[in-house]
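Here the structure is laid out as structure tokens; the discussion comes afterwards.
Chain nomenclature is as follows: A, B, C and D, assigned in order of appearance, with residue numbering initiated at 1 for each chain independently.
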Amino acid sequence: MGSGPTVGSDRPSLLASDASPVPERIPVTDIALQRRLTERFSTQLLTAVSARHDTTEIIVGPGELVSVMSALHDDAEFRFELLADLAGVDTGVVLQVVYHLWSPLSPDWLRVICDGLPRDDPRLPSVTFLWNGAEWAEREAYDMFGLIFEGNRDLRRIYMPPDYQSFPLRKDFLMPDDASRSPGQGVRPIEVAFQTAESGRVPLMRVSPGTGSLAGWTRPGEVGAGDPDSGGQVGP
Amino acid sequence: MEVTPPGTPEADAGTGTAVLDAPVPTGASPIIVPNTQWLSADQTAYNGGKPPTITHLAELELEEKGDNGRWGMLDVVPTTADYLLDYLRMNSLWPLLSGLACCAMEMMSAATSVNDMDRFNMFPFRASPRQADVLIVAGTLSTKMAGPLIRLWEQMPEPKWCVAMGDCTCSGGRYKRSYATVQGIDRVMPVDVYVPGCPPRPEGLIYGMLKLQQLILERRGQWADRRVGPTVPAGV
Amino acid sequence: MTGEPRVRSLDDPSIMVDSPATIIDAVPPYPPRTEREAEFYSLKDGEMFVNLGPQHPSTHGVLRVVIKIDGEQVVDLDPVLGYLHRGVEKICENGDWHHAISNCDPLEYIASMFSEAMPVLVAEKLLDLEVPRRADYIRVLAWELNRISSHALFIGWLALDLGGITPILYGFIERDEIVEMLAALTGQKLLFNYLRIGGVNGDLNHEFLSRLGDWMSRAGKRIEESSKLMNENEIFVGRTRGLGVLTREAALRTCVTGPPLRATGIPYDVRRAHPYSVYPELEFDIPTRTEGDSYARYLLHLDEIRESIRIIDQVLHQMPDGPVMAKLPRLLRVPPGRAWVAFESPRGQYGAYGISDGSDQPFRFRIHDPSYFTLQAVGQLVPGHLVADTMAIMASLDPIMGGIDK
Amino acid sequence: MSVVSRPWSRLSLAGKIILPLIAVFVALNLVIVLGWVSGILPWLVQAILDALGDNVGILRFLIAATIILVITVPVAFMNIFFEMKLIAFVNLRVGPNRIGPWGTLASVVHGLKVLAKEDFTPTGADVPAFTLAPAVVYLAAVMTLLVVPFAPGLYGYDMDIGLLYFFAVGGVGVVGLMMAGWSSYNKYSLLGGLRAAASLISYELPLILSVMGIVMITGTLNLNQIVTAQEGSFLDWFLFRQPLGALIFFIAATAEASRTPFDLTEADSEIVAGFATEYSGMRFGFFFFAEYVNMFILSAMTAVLFLGGWNAPFDIDPLLSAVGITTPVSVAFDPASLGVGLLWLVLLAPALIIGLLTAVIWMLKSSWSIVVSLVVAFLLFNVIVVGALVTFAAIDLEWVIGLFWFIGKTVALILFFVLMRATLPRVRIDQLMGFAWKWLVPAALLNIFVTAGAIVILDQMGKTL
């Protein structure tokens, strides 16, 4: 696999030659927004501000999240008033939380990635003090990834039954290939129980392209550079 | 058998009530509560290990006599009367107003002006299970919904019939491999007529209901033994 | 059905457990886990829980809402989701990008043309793929037709939850016409698996165009007729006007998008805020209202139907020639990277966040459904109203459980 | 115990019905034989006959009550069929069209099916109240029908306080609804029962006040006299002398019958089925029927009080006399005078007429066989005879034509009820109460004052209203 491609790089289209007679679309990025972000948060960002297509991206650690988000929401130069999305991501090595913001001042989407959350106890501050609509999104992230948003008043499971014990969207949660067993026969939903890092057995997980066969399955310690999202920096 | 995990309000009650340090469960120690999803309210129904007490055929099922000789000396007259009764039931099927997912749209469309189920007296849709005859399970059945669906089925008075509408209810369909769905409702409840399709057109549902009418008439007052599992009735 | 204590006095109805006809007991059998849950599931005297759903005539699917009422007045409510959770995101990660299209289809089963667009747009953005313009126009045509059918159903459902039984049938007549029309185009009536990465599945055909022309000739008149049944109805106006007023600040804080947001006066429509496809080349307005109540949402839907008819008219006149599919390799390996797309569905801003690791399968595929966020507003709007208004407010927010529960 | 219960549980529903019937039949035969032999029975019969001869009023009351109780069921069937078909028409649907000609038997099938469903009592229900509630509701509806004058001389019981009796007994239904709502042990039912109590009690007030004007004009509570006070052309109906009262009465009656837009008691989209949520089988059927019987009764009362009851909208006697018929036609016809000719008439005339018709039909329509044409001719003959009899009765017996007009007016009002249900949404509970107390009651009081003033003024002028 080698070192994974860096995310910010603007790669030429694979199909530029044969796609269509129309010339390739020039990615629209807001340079002014990138400059303002760099000036404002230079010390708090983990990597440089990157942009691709119509999305500007910054990566922060969980410690800096509250200050960065409140500044983005409140400052007159940003005014990112609308939380477009809140998503959890499991890179196979660490967990991330990805925020997408919209501002009337910028043609770009802003993507804020809170990176480097350890798998065994991922904790980060909640943003419900800015957008109380983020409450259910954080509940969903907790339900699917086990992310703990400190400050969310109602951090319950929202999709799975309350007695469900693992987090389905983690990479160590394997989908069963045979659907023969079913709750109808008194069997609980098929799942691979969530294993913490220090527990003995480290489950197989997919961090590299897998076609379903065991060829693609590796152990988390071995790779990690292979996947685009860890990108070398793990934790702040 | 309630286990209160560390981190819940009981365990460390009296912690600060400020929003930011609210007591939140930890990701590593999952919440364990008694299973309430799979125990329906009536413990003796279906998976309770005891014979069902809902249908008035329970006693016969205990004696494993099936429907043979249930009339005793009055064999001729009641059977004829049941033939008449079944003719009435066949021509007045009130479905339960309950849709689970996508197929519910086509179920409603089957009842509306374009293709009118009311012509066959399959109307009105009753809102209360106490007054419904047919349970049209339309849409994917998730493991969380299975318990309530079983209880709905228990609440319907005999004689009652179940129509599985759509691939998801027949076999799991396109979500068969999911971790949260039941692979076919016949694993948790009896089914009389299967209507495949993703989703079936309203004409398909009406055809299935007509098949159900034929089935009711052919049973001649003898209801199928409510065994959970694929039961494709004879003669249909 | 067994073991419930018998209560024989009206002094404290709160200790009355729900009877069999409500299929789940309102109060959970385990101790509360969060302070919000503990606060909700504690009763003052005179209050009692009523459990609506998961099977309830007017919860639009398998939504379950536990409401705490004092007499007929709703004090507080707690929506319980997940009864239609199908694990679509996990399934998308286990299939390749093409499977994701058909797996996302049933999410929004009233407007499938939108939910199936998520993996398509994400993959195209990751591929830097230029879609043929004819394909873009056909997509816009299909989207707007589907938007009209969805709005027609919204109007009918709002009337149904208010007790009127006729408008829903008129709405279904409109919906069935449009959906049969799209079935002539796509081959499927409800879950059209039509959009493809790099274009659409097939070009326009004669049956579709003839049905479309037949419908366009009388679409506007039909909409006015069926809306006249409610616009001039005193009971309907009296029940929806001033009901469930959502302020601008509350709407922004709750991340509400779509008609509920535009009904508060904020003209946020992704078709204009972040233009995609060929919407920049089309003329249409973003109707807004300032009241923010249920009646405003209803009128806003009517205006949006008119705007969609305008768009369809332009699209039919500007439809270019050319291919409808870009050339793509059979085994589609999407280059690594992250991409976020957002587009305007009948219920608001649909979003998708895809991560590709260079394989043919999405490494992570996040689905953002607008009604998932819109439904949170119910918790702020309903308390203080009567039980009957709970249904009216929920219907006016137009949630779709398939998208909410994923 | 199991010796009895096990075979009993093996019987199907029909068996459970038929077996006791056979036992009762045998027992009755034994009683008759023994009674006749011992001579007790003739004496008993004689005593009973004497007792009945002494007080015919009670006998008449009992018979009338029984007949009315029986005819409510087809009335309910008729209303349900009207509703299904008319709502389907408004919805651009076809409606039931499979059972019976044009689906006319669909409602009958629904009713009989409900009869054969499992009868269920939920755990925790208050069994006596739960069991009695449907009977209370249904009987309250039926007993009000006792005083409704269908036609001249055709009424259940001629009370001098008929109007008062109507309102008093009609109010009993609320008790049944509250019993159902409370005893079902379900919160939806509880809400539905309380809503029913609130709305029905608050709408009783304008309902009663709105007819006070009529009582003041006619000076009686007797419904027959109220109808006879409206004789003449349709301009003499109270609808034109009491327009405001008529409007208030109709609105309040809609709420009394809990029809849309006032059907909060079983609001499907809010409280699942209201007070009837937990009811299954025939108990639910009683509620179901009672609603439609109520609709019929309130339409009938509107027709009686404001639309002239059995009175024809115009006097048809001049027309008939112009034709040459003077009513009542006096048929001076003594069958005995025919002698043996009567025998020929009875025996041969039908056969001859049928034969003639058969021949004509068979010749005209050659595709039919002789048997088919015979059957058709027989039916045609019956139609002719029945039609002739009905025409004769309508001209000769005034109650037939009166019943015709009464039923016509009532059915028209029922169709209007159904049309409202098909088109209007539902009001909220606070709007319901506010409308009753803020608008209907003051309007009814105003109506009373205006009527009283008009009576006094016209009395000064020597006229009567």
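As a working rule, a residue touches a chain if its C-beta (ideal position, glycine included) is under 8 Å from a C-beta of that chain, and two chains touch if they have at least 3 such contacts.
What you are looking at is a predicted structure, and each value in this text was computed from that prediction instead of being measured.
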item: Topological distance between chain B and chain D, in contact steps; value: 1
item: Partner chains that chain C and chain D have in common; value: B
item: Pair exhibiting more inter-chain C-beta contacts, A-B or A-C; value: A-C
item: Far-end chain from chain D, centres as C-alpha averages; value: A
item: Euclidean distance of C-alpha centroids - chain A vs chain B, Å; value: 39
item: Chain A-chain C separation of Cα centroids, rounded to whole Å; value: 25
item: Computed distance of Cα centres, chain C from chain B, in Å; value: 27
item: Centre distance in Å when chain A and chain D are each reduced to the mean of their C-alpha atoms; value: 69
item: Where chain D touches two or more other chains at once, by residue number; value: 91-93, 268, 272, 277-278
item: Chain A residues counted as touching two or more neighbouring chains; value: 153, 155, 157, 159-162, 168, 173, 175
item: Chain C residues counted as touching two or more neighbouring chains; value: 1-2, 20-21, 28, 30, 33-35, 57, 82, 85, 87, 90-91, 94, 169, 173, 405
item: Every chain pair meeting the contact rule; value: A-B, A-C, B-C, B-D, C-D
item: Residue numbers on chain D that touch chain B, as the complex places them; value: 6-7, 9-15, 17-19, 84, 88, 91-99, 103, 106, 109-110, 112-113, 116-120, 268, 272-273, 276-281, 284
item: Chain A residues within the chain B interface of the complex; value: 120-122, 125, 129, 142, 146-153, 155, 157, 159-163, 165-168, 173, 175-177, 179, 182-186, 188-191, 194, 196
item: Residue ranges of chain B touching chain C (in the complex, touch as defined); value: 2, 4, 8-10, 17, 22-25, 31, 33-34, 36, 41-43, 96-102, 104-106, 108-109, 112-114, 127-130, 139-140, 142, 144-145, 148-149, 151-152, 154-155, 174-175, 177-181, 198-199, 201
item: Residue ranges of chain C touching chain D (in the complex, touch as defined); value: 1-2, 4-8, 10, 13, 16, 18-22, 48, 50, 56-58, 72, 159-166, 169-170, 173, 229-230, 233, 235-236, 238-239, 386-391
item: Of chain B, residues touching chain A in the complex; value: 19-22, 24-28, 30-38, 47, 143-144, 146, 172, 176-180, 182-184, 186-188, 228
